[in-house]
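In structure tokens below, several structures.
Both of the next two complexes hold subunit A, though its partner changes from subunit B to subunit C.
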Partner chain A sequence: MKDQDLGHLIARVKEGALSRRSFIRKAAAVGLAAPFANQLLAFNGVAMAKANLPYKPTKAGGGGPLKMLLWQAPTLLNPHFASGTKDQIASRIFYEPLAGWDKEGNLFPQLAAEIPSKANGGLSADGKEVIWKIKPGVKWHDGKPLTADDAVFTWEYAADPATAAYTTGAYKDIKVEKVDDLTIKVIFKEPTPFWADAFVGVAGMIIPKHHFGEYKGTKSRDAPANLKPVGTGAYKFADFKPGDILTAERNTEYHVANHPHFDTLEVKGGGDAVSAARAVLQTGEYDYAWNLQVEDEVLKRMETGGRGKISAVVSGDIEFIILNTTDPWTEVDGERSSIKTKHPTLSDPKVREALNLLIDRDSVQKFIYGRGGIATASFVNQPAKFKSTKLKYEFNIDKANKILDDAGYKKGSDGIREKDGKKLKYVFQTSINAPRQKTQQIIKQACQRAGIDLELKSVTASVFFSSDVANPDTYTKLYVDMEMYTTTQPQPDPERFLNQFVSWEVASKENKWLGRNVSRYTDKDADEAYKAAQKELDPDKRAALLIKVNEIFCEAHVILPLLSRTRVAASVTNLMHDHSGWDVDTWNLAAWYRS
Partner chain B sequence: MGAYLLRRLLIAIPSLLGISLILFTVLALAPGDPFSEMATNPNVPPEVREALRASFGLNDPIMVRYVRWLSNMVQGDWGFSFASRIDVDTLILQRVPTTLFVVGSSQILALCIALPVGIYAATRPYSLFDQVANTLAFVGFSLPTFFTGLLLILIFSVSLDWFPFVYRSDLAATGWRWYWEMFRQAIMPITVLGLFQAASYTRYVRSAVLDVIRLDYVTTARAKGLGEKTVTLRHITRNALIPVVTLIALQMPAVFGGAIVTEQIFRIPGIGSLLIDAILANDTPVIMAVTFVFACLVVIFNLIADVLYGWLDPRISFS
Partner chain C sequence: MAGSTLASPSAEPVSGPAQTSAGTSPGRETWKRFRRHKLAMASSFVLGTLILGVVIGPWLWPVAINDIDFSAQLQTPSWQHPFGTDDLGQDLLARMIYGGRISLAVGLAAMFVATFVGILIGAIAGMSRGAVDNFLMWVTDLFLSLPQLPLLLLVIYFFREQLKAVFGVEGGVFVLIVVVIGGLKWMPVARLVRAQFMSLREKEFVEAAKANGATKFRQMVHYILPNAIGPVIVAATIEVSSAIIAESTLSFLGLGFPPDIPTWGRLLFDAKDHLDSAPHWALFPGAAIFLTVLSINFIGDGLRDALDPRRVI
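After this line comes the complex of A and B, so read on.
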């Protein structure tokens, strides 16, 4: 098939003359994989609207109870206060956004009638306005209709700093206007290529004005609906005990025909991940367990009973190592790792290049993470159009030795390389978590064979990830030579995620180490590419710019990506569920059913 | 007696103040941040995190926070949980019934085992029964509850599939079915806790009875021609149980405080699991409230134990 023919087919899909499904079938016939064919459509501005899970039941209800187990228990049910995933999952049962993200990173309309696009007039040419059409006929659980006023109110509520909403980042810099009863207009100050943030996914859940109207701002904590949600979701609230159990029943007035399948829903919390996996895979007491950060070997053993199955979906989580190019052992103006200093040896790109060759990513994946991660050399891996195809990884001790020899680092009597009296001895820090300590060991052993000595350090997660200004062991302080952790790209668009590579975000004493650029490395080209990407409205050019930012940091070997993490969930064999790495597990709960 | 009680209650006030001050300081100095989950999320601007810290009063000096907490506490305001943003007393009250039921039943089970076994073993010291009971008691309190708990789960839930190992506070069933389901889910945690407690109680009962059994009045009772049963139950046990009653009174705070490890293993929504969740989430108001209530219970039950002791044993005077 020639390019021309493809273009012709895409045009027919746009006109509506050819269904998306038959396009993909035709593309597959000439050897184009389905995901790639999907990408082609996405690049060409065709809205994606396909559930990943075909819904089989022919009527609503009749599915009996659905029992979910979250090993971290939900503690609150206001989606705009939900700090952790557990609370977002629980809130999403009752509330819905205008659109959610499916597992491939495509927008899927929920309360919206359609996904805004240039073709349907939803997106303005200057990238400053988005018009959302709300699905007609949607009712809140108390019978009142959903209107544009609720969406506008959600914006006012979350944008008000006094409300102290965790979602405020998505709303504080925009303006929302009501066009008519079922239409709203989102107005950005600047052209915004990634417009699907407010009213979308985790941050986008719309709350009813008639329940929260009086509780905006400082009174937000007093709203009775914080604990007794009234939403539009497939299940209605029944009872909630914070930190323990949440029950719900089927919403008979749900706005999607024949949905949902289950009559009641129970979400139990508490315990630990391993026993949660056991309650699903081995005893079948529960139907679904989420976020199973358990060694794959253990899960495989539990799966052998045949009662349950594991599903892993790609996500924006990346496990990676930062090599510190500033000096963590010298204090300047009251801070270590100041950008005014230079690391004695790690500022040498050759040393960093050698270190990158000493990470056996394949073994880390095979023996430690299993289905929980995919080895990678690129910081951004998902969605595929943002992944760098240029970056490759390699595990080669001989090559690393050669690079270090050529750069003049000679082995001393203790087997550790040095040059000008500076030894290649580093402190390698991470949080306490069994797979991370094993990964540290694998890297340490390889480094030993190249004459680099690593001192391993692990910090409790609650300290490592805290923003405690007084504590030297937080990950943003970076008071070590190298450190490893996972960071999350929350949306299937890496623009905001990549702000950790720009010069104005460098973490320092001045910004109380709240800056997002923890590595402290800066590059003029990366800054420029990032700024250009923020304004670029052409999706292909913009993707290229963001890939460039990623490549600059990975090629400088300041950021050493290890694994693109997946989200692992367990379910009983007959449960058909749909969880997405770009949204919370319950994003498409209405479509779950038992076969 | 009245003066003694008053004096003890007055002494309790400074000790409780001291406890609360130490707790508060330790919590304030401990590393961690209730908003750590937001730290790695690029969608939450740092300003929001800072604003939240400020609005929750986390940026004030420790002493200011302590005085604020204390004055609110005195007025009956326990504060609100950072994690769920609801009042701490509501949270605690939700958990009390489950804890009372599970830990209370396990204490009753422990006594039902320890009393007969301890008394019988003491009346026949160094017999085969005594040796076996002693050995089992040692094994019992050497095995930690997290081990026996997991063992029971492996045997009765995973292999035999008899009992569920996830405890649910609101069972869907009604009537007899409810009682049956409740029995099925509660039996494993109650057994684990009860057997552990029974092991140490047995040792206490046995030694208390042994102390009494050689006394002259027991010989007198026997010489009067009283039956062995009457001697054991009416003369020996009554006197031997005085220290045991004190011991049980001192155990009462634990009944309210819950059993952290066992509650975690079986997912029992009790006070213990509330405390551990709060600690993991750095939810200071909840940690403070739970530990402080626990401190109060310890102080009060100590007093009760002392008073009870004097009442049971007239030889002890409070003057």
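After this line comes the complex of A and C, so read on.
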């Protein structure tokens, strides 16, 4: 299994510029981290080879206006405060990281001259240091040059707890040193197999020291540049009305030759996903709309007009159900679903196993999500190397009935099963979103046929996904028996993503329900495997450990994965855009053009 | 003219000689007057059919409301599915019947709550002078200026679980919605009633009753209220429609009935993304709400004419 995965990656390396054989020889000379280096090279090799969207225009400008529609409107433009994807997308127009993630999960240099690798000396053998070379000749929008000082400052800024940056997690445990004007060194305390977090992707956007220098720490929110960004991006800031409209114009000094193609940029907010899809696909009022959580049926119908097209790219996002093994209906020390309690029936693995058999994943994919998701039994699906091949799903009502019969749950006069007076009646919660309500109904109907009664509950998305401590309906509180949502995997590596399965991340009143482990289920073996994976430099062993964490939770049927989601966006037919499931929609905006 | 109720234009042209035979009782008299209002009669028939349909419908059309059938998605009306199907292949007629019970019950019950509270407060304010009147009108103003949505959220967060425990899932939400909608829509009725009372209580016939020794309560119930009821009925009929709409707003916010309970408002909400390809899905619940609201309005119109004691037909 592992060999196959590795083989897949090696095949990718082969597609790249480097020969695998020569690389393995080099790696062997280095010693312990040879396979690790191989993985990194695989990343680099493909990134260099494919370079994403081929850029056709032969000169910068002349493309006219580009109009984007973000149906959730951006409200701020500082990438380090941008907790919402909408703000990250808007910030990325003006700011750039050292590298971004392309649609295949490869690193693609943006402000970096090259991607650090073993071969170019960017990565140390012990996995504790990364050296980044910054691209020479890059200028901020106000004409000042970009230097290593800006990168070092970005680290100081985001790592300072007083700044209260959203991205602080990527910076707080590292040290960054300036080597020379265009080189920085990132130093980790421990060997870190996944090093591409700081200065990469969403968390990595570099901000100018000469604009934010005075506003580090407690004064961070007062910086004028929070709403008037000065970055290095392909488009320069023109005007911004938070929650409504953002306009920008072409950066004539952009650091990539002949880029960008469009003269002006307009980002409009408001509306909902369906009307956004309509404005692009049917009326063509806008060129691009993101995050279209709409039934595929509806999108297909809009596409028939031929004005626009849908782009769906794979991502690590997963739509899944949590079965609550703690008791959501008993309050202990001021919180429900406390880990000190046990659910009367869902703590029985047989009930959970039966529920897993009652989800018709194939129909959900076929009739509701279409291109928006792929039915799966594994929590981690991308990159393929980390997907469990052992986990399988099945839809079988008879089998579920048999399991419940054998476990002693008998149907009562109302057709609902019970044992020792405890009925199989559950509240099933999710956010308001048409595909999710339909999925709920499909599951409810199957459960009915197995003698399980579900009460469906839907909470408006802004409440459900908020971190409001006072609200009982947020997803992290889990004050219900089961809930369904999508969790996003921000990087093409599942380590950070899988911290929602570890015991020290359990969401509770103590941590204001900010803990990442919403299911509250814990397992000693999973904890150990996760800790070991954090230090394991051998990519195969590391992948095996992370797969184990995933399998423990899925086999306990606490986490019931439904669909590996794709990211769906709409654009007019002649717009060429570079859509990646591993980075925000605007990650490579400079390369967009109209054909 | 203060105190007089305006006649409905639809009932204005009087044809034929006025006839009031001495022997008829007030009830028969009202019925006779009501019968002359053709639109009201037709509306009574439509509303009656709708109510009868949702009450006995499940016996005539015993199809499950949540039978998912992917082979019959978004079908247009046919013999098998007279109202077509939705995008999960569920039978729309069965869902309409089920949802109609809830929507109609919510609308009517909320109207009764709002009208009752409105008449009560309006009547007390209109009859009492000074401090009580001022206080009640102050309360009315307060309710009018309350931001309704945050208040709804608050009430629902506080009481949803308790009511659910007492009345069950649907019953609890029903009581809550009726109380909340009724409790937030009584203000216009109260103001109308108060204004009517203020002018009517100075009229000669009320003074005559007072001189005959009628208590305040008797004056209110037997003399003033029948004369003030016209506009109240019209206001109340409008409440029915706004209650049906308000229920769907709540469902939309995830605060009303669970999403799988197909109230008419919910059906409309679900259908909105498919308007271009499956208009029947929205058309039927939309038409049902439209017909209900329209017929209730006409019935209110007819009732007002019939109940107006000073109107000669």
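Assume the second predicted complex is superposed on the first by the 541 of 595 C-alpha atoms of A that agree within 3 Å, B and C clash if a C-alpha of one lies under 4 Å from a C-alpha of the other, contacts with A are read in each partner's own complex, and residues count from 1 in each chain.
Quick note on the criterion: a contact is a pair of C-beta atoms (placed from the backbone, for glycine too) under 8 Å apart; a residue touches a chain by one contact, two chains touch by 3 or more.
Since this is a predicted model, take the numbers as computed values, not measurements.
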{"item": "Clash-or-fit label for the pair subunit B, subunit C on subunit A", "value": "fit"}
{"item": "Partner chain(s) touched by A:Ser363 [first = subunit B, second = subunit C, both, neither]", "value": "second"}
{"item": "Touched partner set for A:Ser458, first subunit B, second subunit C, both or neither", "value": "second"}
{"item": "Which superposed partner A:Ala164 touches (first subunit B, second subunit C, both, neither)", "value": "first"}
{"item": "Touched partner set for A:Leu227, first subunit B, second subunit C, both or neither", "value": "first"}
{"item": "In the superposition, subunit B vs subunit C on subunit A residues touched", "value": "B"}
{"item": "Which of subunit B and subunit C A:Ile432 touches, first, second, both or neither", "value": "second"}
{"item": "Touched partner set for A:Ile187, first subunit B, second subunit C, both or neither", "value": "neither"}
{"item": "Gap in Å between nearest CA atoms once subunit C and subunit B share a frame through chain A", "value": "6"}
{"item": "Subunit B and subunit C contact sites that coincide on subunit A, given as residue numbers", "value": "460, 471"}
{"item": "Footprint of subunit A on subunit C - complex, ascending", "value": "66-68, 70, 73, 87-88, 157, 169, 252-254, 258-260, 270, 272-274, 276-277"}
{"item": "List of subunit A residues in touch with subunit C within their complex", "value": "274, 294-295, 297-298, 301, 363, 366-367, 432, 434, 437-438, 440-442, 444-445, 448, 455-460, 471-472"}
{"item": "Contact footprint of subunit B on subunit A as seen in their complex", "value": "65, 69, 73, 75-76, 78, 81, 83-84, 161, 164-170, 172, 202-203, 221, 226-227, 239, 241-245, 247, 264, 266, 268-272, 275, 278-279, 282-283, 285-286, 460, 462-463, 465-468, 471, 473, 476, 485-491, 496-497, 499-500, 511-512, 514, 516"}
{"item": "Parts of subunit B lying in touch with subunit A, wherever the complex brings them together", "value": "31-33, 35-46, 48-52, 55, 80-81, 83-86, 91, 94-95, 153, 157-158, 161, 164-166, 168-170, 172, 264-265, 267, 269, 273-274, 277, 280-282"}
